[in-house]
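Following this line, the structures themselves.
In what comes next, chain A is part of two complexes: it sits with chain B in the first one and with chain C in the second one.
The block that comes next holds the complex of A and B.
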């Protein structure tokens, strides 16, 4: 589930033909065969594990696949649009309310996680972009949370969130007296924050190095000129830094939203296979219904709807940031 | 005068932010050096660390097996992904061919599909193969390596394309003038020149494979389970042994932490490739 860093290639210019013996069509075709040979293994794997199974997943979403029919695997009986109807329109179906609850939770989770990650990442990148003693050390150490595996993040924070003995309540209640009562973090309304905050904590360093690289690539003359003209730091940030960072923000936004929407490990490990109505996300719902309750048809249909939602997001994103992408 | 004060303040703020960001990790280490009883009572004694949790965790769950499986599967998958991606990345960086744009879009497109959509068919395919053919992919190292290779190849392609584009063409052209074949020039000249990129790509794929939970949870039963499953079993059965759980967290973070800091400079270059090109 690695998806945060895809960029357009750094060199989009067409390949220059080699000076020797190049130019004739026959030669060119041989070069093409060489290129096809090079991409063949990667392509084969992507077709085998991504393309064909995805098509299979779409097919399964139209099948009645549950405990009784699972033994028949791909020969399970057709269900037409039944799975989709059950999810979207059948108000008597418990899966219906579960699905819309998870949609809402996923939207809330994604909004806060992405917002927190990008805002925090940018803020820290601005801090680290200043010359200071120990700069390299600070920049390197700041990346550490991103290296901690998600499942470790989940067990660590689960322990930290414990109501009675967890360090967070100890700090908030016993040491600083900021709160008079011990909040319960892992159940009920707070459980959403219990997964959002660690997700931000882990994702933030990644956004940070990205923005930091962008800040370092910025020509300093612009800021100097604006400073001479009397623009304060806030105005320079608003009118120089932010517009120049827009393409970077766009790319980060695209992949952060996808990554957050497909988050699974943190809620699943921290809150269990059923995180409860306040923190059940799309992925935990789909996996639980599919693999614990054997409702594979439901899982496939819900996954298809999730994919469509992401396609809509990409389309919206593209319209919003089209101009920024063309600049490059 | 005022500006100097502000600067000092921002320096202090930077260190404070760093401390806050690192504190959960420090707490993980500190908690792993306590005993289970101390943690469950909340009676920490940070001044008297003990390594008992680290020695006991291996008996509580079969962590050695999980660790070994993770190392085998992630290393093999990251190697394969890097190998395939360096070929495909080279093709995309150097040649103009029909379908190149389609391939680039497809590479991004794979990231758009939720794992749950193609997990089910992969799962059913593995089960079907197990029932009907001698091909053993369900709950085997080979099956997981296959799946992870495919997972991390797309991102690796982007990494490698960036690193190849940074290598001057003259190198290969000179080699080919000297009688190298095109493939020979790629293997003998370009690949060594891209060694830092290869390492960065490998580590990146390794980090993500190490973190993967969804597929390994569905596609393994007992033979090929990796560390995330070990951690899940730990929580499921021995939740009260918190210090050991924290110790297991430390042990599962160490390999990736070492790999990351050893290759950090190149890795950051690959990650920020798109940011600096502007």
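The block that comes next holds the complex of A and C.
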């Protein structure tokens, strides 16, 4: 199925497969040129701002760029695979341990952020899908975190997490006495949760609205029929709702994982340019080593590796969900 | 079916983003690296060309950075006919902006730069060597030694900057808290032992205020906070010829352990480690900390009624003491501030130098430093400000004996590496990192030294 899907539409097939009738190919070509003309500006733009810089980034990953050479950029000495070897295999290189620490943190961050966002978004969508008074108002209010810029989200949560005066510890310790001692959220192992939770909070509304649209498009007869046959709410969710939402979950999963893996603003603003060994993500590491430490070669190589990892993820995702994306 | 293709295409586009991004970041330097810096051969006449406009980049030094400085240079324009366009560049972006301007050859005529940044910027090759001109403003002898060092690059000839204003770190304390704790301010911070004993007395007798606090790894100046204790113990950041890190020597370790020990002894409010430098400064001003290490600008803000970060109690009871002396009997502190650098491609080098000279005049130095709450960079005006009050005197003395880091281009990176490790050590001591013990400290400092050695080994080849 997949092969046929990705084949070009019949109009674009090479002319030789067409019957040799006079006049037709020329007209077709002319029509094609018109189509190419229409996409040309977009294509040129993509090449200029996307493909050329990407190719530049790949070239830089093979260069020895440091404090003394970065100004020469593409004229900097060629380093071959040195950057990649240093990152991946050279245990004596401090960048090696920093890289693997960030890989691990990014995986943990992505897992919890995506899991929390999708599960939470689905749960809220299910709740909002029930007929109730003030549904529209609640739905609108639920969207609020989505329109708050990441920068503001991070600044707000940074104040809320502060161990001595932040509202979170006030609630947990002073008001509800759930904890006896004030945890320090923005340092050490807790700092991972300090960035995961605001990220989920920010992502929830989009997931919620996405799932809600899916739920509302679902024919109610299915649930009614199942209910008549004696299926309880859990079974109906498991065998009707979830399978029908699969395409939506698939698309959300794809984009949420990529978005979370490339997260920068929230950890950077909340925890500074170096979030520490427990919360340093790939992007904070790459930005810090490239722009603060002038190690653009390392940064480019780490970016290329990250990009490859995401290509693998897209491939895995595609294999897992390709059936769900077909229009039936 | 095209739907599937569209999703996959957009996913791929998103996936490729970071690789493209690193390339973009360097781009502005790439195009322009090849451009000739032809402007350096501008007319070398002695007289100044009236009507030209110099561009001066300044950082947010005072409450209204642009307006304050524009007012400060008005007499220069009146006298010479040379206009000055003051442009404000935020501290968060100044490193990138100055670096890009130096590499691209497209920048202002003059820029302010942090003292520890000068060697890095100088190594980019975009700035004028001012060696031949410095005698006109009194040369090396007009400045304290530590300050003058910030204009040099170790192992190279040349003077790449002119010191503009200066700061050093001293101990701020609350006079009323010391009184309640029954400690005599004259001896309270004499040496490391009495410093610790004072904090302990505050902890025991004044429970509503935290004895001491300093920022953690979020602060840009964490290293400036820790290094004085390292120097006290005889440690150093690098060896004398700046070829190897010595941050993992037993002496350096003892210094870091002194600072971390304040946390394990419960004298250092560990929640401050979550904050950056300004936030901790506001904690002292708000009356929540009894003792804190800070620069002279805080002294300048006491009389500023509109600064509402001060609590009344704190505002009325500020005392300043020099940093405590270490086992060697000598007290160390960090001395920093800002220098002025002239771009090589300035089209008006004579006028630019004239402006630097004007900003180095004694009266301009005193006036501007006063506005900033900083100290003038030059010795004579510095003395004037130092004589103005007891608290200012403590800072004046700190500046004279203050120490700075080796002036090498890689220092900024090494400082970042140290900052990370110092932050990890302090986090451990606060109970939120690896278990705190001598072995943890040692392994962190070994890692810092290894990283620094790698950075020192960087070369142009």
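Note that the second predicted complex is superposed on the first by the 295 of 328 C-alpha atoms of A that agree within 3 Å, B and C clash if a C-alpha of one lies under 4 Å from a C-alpha of the other, contacts with A are read in each partner's own complex, and residues count from 1 in each chain.
To be clear about the criterion, a contact is a pair of C-beta atoms (placed from the backbone, for glycine too) under 8 Å apart; a residue touches a chain by one contact, two chains touch by 3 or more.
Values in this document were obtained by computation on a predicted structure and should not be read as measured data.
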item	value
Touching partner for A:269 - first (chain B), second (chain C), both, neither	first
Touching partner for A:188 - first (chain B), second (chain C), both, neither	second
Dominant toucher of chain A (residue count), chain B or chain C	B
First (chain B), second (chain C), both or neither touched by A:290	both
Which superposed partner A:54 touches (first chain B, second chain C, both, neither)	both
Which superposed partner A:322 touches (first chain B, second chain C, both, neither)	second
Touching partner for A:104 - first (chain B), second (chain C), both, neither	neither
Touching partner for A:306 - first (chain B), second (chain C), both, neither	both
Chain B versus chain C as contact partner of A:251, first or second or both or neither	both
Doubly contacted chain A residues - partners chain C and chain B	5-6, 49-50, 53-54, 56-58, 60, 73-74, 164, 251, 255, 258, 262, 283, 286, 290-291, 296, 299-300, 303-304, 306-307, 310-311, 314
Chain B to chain A touching residues, read off their complex	7, 10-11, 13-15, 17-18, 21-22, 24-25, 27-28, 31, 39-42, 83-85, 87-88, 90-98, 100, 103-104, 106-108, 110-122, 124-125, 127-128, 146-147, 149-155, 157-158, 161-162, 165-166, 169, 173, 176-177, 182-183, 204-205, 207-208, 210-214, 217-218, 227-228, 231-232, 234-235, 242, 245-246, 249, 252-253, 256-257, 260-261, 264, 268, 270-278
Of all residues in chain C, those that touch chain A in their complex	1, 3-5, 7-8, 11-27, 29-30, 33, 95-96, 103, 120, 123-125, 216-218, 269-271, 273-276, 409-410, 412-413, 416-417, 419-420, 423-424, 427, 430-433, 447, 450-451, 454-455, 458-461
Residues of chain A that touch chain B when the two form their complex	1-3, 5-11, 14-16, 18-20, 31-32, 34-36, 38-39, 41-43, 45-46, 48-50, 52-54, 56-58, 60, 73-74, 124, 127-128, 130, 132-133, 138, 140-145, 147-152, 155-160, 164-165, 167, 170, 201, 204-206, 209-214, 216-217, 247-248, 251, 255, 258, 261-262, 264-265, 268-269, 282-283, 286-287, 290-291, 296, 299-300, 302-304, 306-307, 310-311, 314, 328
Residues of chain A touching chain C in the complex	4-6, 49-50, 53-60, 65-75, 77, 92-94, 161-164, 182, 184-190, 251, 254-255, 258-259, 262, 271-272, 274, 276-278, 283, 286, 288, 290-294, 296, 299-300, 303-304, 306-307, 310-311, 313-314, 317-318, 322, 325-327
